[in-house]
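Beneath this line is the structure, given in structure tokens, with notes to follow.
Letters A, B and C mark the chains in the order given here, with residues in each chain numbered from 1 onward.
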């Protein structure tokens, strides 16, 4: 069975420094993969390469079997299939919520306004922010802005969503409302690639954990195996830093955040 | 002198008006072209391409180092010789003001674009916007507030600098004033009128620039 | 078209003198402008009644009118009121009128950029107003306004080309004279461009460096 996303021998340099070293990673359609690892291990760079925000320096990257590192790749097309949500939301400050959501569908995808609007409003309702459709980003809390940013990507009807530490800039009480939205997407069977430091969330939502360190993938496993029995010393050290993990129950009852 | 001065002014109004139209036309064209050129310069400079930046930098430094009046003479005398291209002094003035103004407005636009968070560019790209759409819908609209007050200030400098056109033979409001003085010797009155003519165009613009800056930049 | 090098060499002494005149007009105007600006800035900072309004009016008038009109007014209009002056004097007067206004704004902005807490802590240790000005405000305001002061000096030096319009024999006037006398347009424009680049480009680059260094105007860095 062919993977939706396929990194193969993937390399990336920043100047002289190699930040991704021969990365091999396959993600199946409908799979939820959470990438963990210490800061600077290359996990965010991996996501950004998949969205064309960073250019690769070697290897293969395929989306639906199609090579993306070929010279003729139309990244504008790829980006419509690969949604990306950032740590600092990056909503367009001069536009209302609805205008933020409709910019891509109307200008990039040239869709009918009434159809795109209906979708945007349905998604807004789903994240509980329909009443904010005419608000401007600065009038919203961080958690609200991040939920809007997720909807902005969803409005493009992507095949996969990338989440780059989307709760790292949020106040603790707003983390839950964002994670619940992501969990809802996972439950709907959407393909998700998530970089996060929320261990409990990773354990609850992931089909597979990918652990990276110093630009390499050191191990991949299902969440229970990874958290209870990490195979590498680096992963053990990493998990020990999140020692509060031990006070958490072994298995979260319904794979759900309460 | 009071009554005769007023009379002279009234009689000269049509003539002064024609000169003023020339001055205003040079200024207006200079402002329009400087704005267009400046936005182009600013966008190109924000792309951060090494070769392109070098070209823009040389262009900027040449217009910063060589005074506008010298540029006027260089093109007015130089274009016919070097390129066998004879352009009327009116268009020579418009050309110089536009080239100079573009470099000044361009630096403002570049600075305003650079002040935007990098994430705005990335968020725009990540939903598949083209470069044109990215600048047109996301980056330039957000840079607008920051670049408007200083750009209006450059407009006043373009208007003031348009006065130099008289020195390469444009029959502008100053030249017309000088012709009236040659007939009437009313130099204080006429130069006073010219002084106020420029003041009443430039002062409102300066005041608007300051008001906008207070409201937008410090809010 | 031939490039008459011998002719260029023969004009060099004259151009050297012209550069001298440009620098002379520019430097004198910078000094006189600074004096005018210091007085004006003091009036504005201490909110001297009435005088404050006069200074504000002066600054707006000078900043919102072209140097050329100011120059023509001084050189051509004042004589008809019985004040006859040379082109050189007219140049200095006009450039001081313009430069004084610009520098007033620079100094005022510099003083206002000194945090209020600095004044309060100065007063709290018992400094007199004069001591406060000399030891606390001026050193910091001076540093804060250094880049814009220097930018305005360069601006004034470049503006001296405008006084060629009243026959002050600076670089542009000298160029025009030679072109009119000998029709060596090609050569003279080249010399003029070269002088501008040699004279103003280093200043312009130095200014950019200063702006980069002193952007935040801090001591000890």
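Following the convention adopted for this analysis, contacts are C-beta pairs under 8 Å (C-beta built on N, C-alpha and C of every residue); 3 or more make two chains touch, one makes a residue touch a chain.
According to UniProt, the chain labels map to these proteins: A = Glutamine ABC transporter ATP-binding protein; B = Amino acid ABC transporter permease; C = Polar amino acid ABC transporter permease.
The structure presented is a predicted model; accordingly, all values stated were derived computationally and were not measured.
Legend note: the chain whose CA centroid lies nearest the centroid of all displayed protein CA atoms is B. The interface holding more C-beta pairs in contact, when B-C is weighed against A-B, is B-C. Mean C-alpha position of chain A lies 57 Å from that of chain C.
Note: centroid distance chain B to chain C, computed from Cα atoms, is 21 Å.
Rounded to a whole number, the gap between the C-alpha centres of chain A and chain B is 48 angstrom.
If you check the complex, the residues on chain A that touch chain B are 51-53, 75-77, 79-80, 83-84, 86, 88, 90-94, 103-104, 107-109, 149, 152-153, 156.
Within the complex formed with chain B, the chain C residues making contact are 1, 60-61, 63-70, 72-73, 76-81, 158-159, 161-162, 164-165, 172, 175-176, 179, 185-186, 189, 192-193, 196-197, 200-201, 204-205. Interface residues of chain B, counted against chain A in their complex, comprise 117, 119-120, 122-130, 133, 137-138, 141-142. Chain B meets chain C in the complex at residues 61-62, 64-67, 69-70, 73-74, 77-78, 81-82, 156, 160-161, 163-164, 166-167, 174, 181, 185, 187-188, 190-192, 194-195, 198-199, 202-203, 206.
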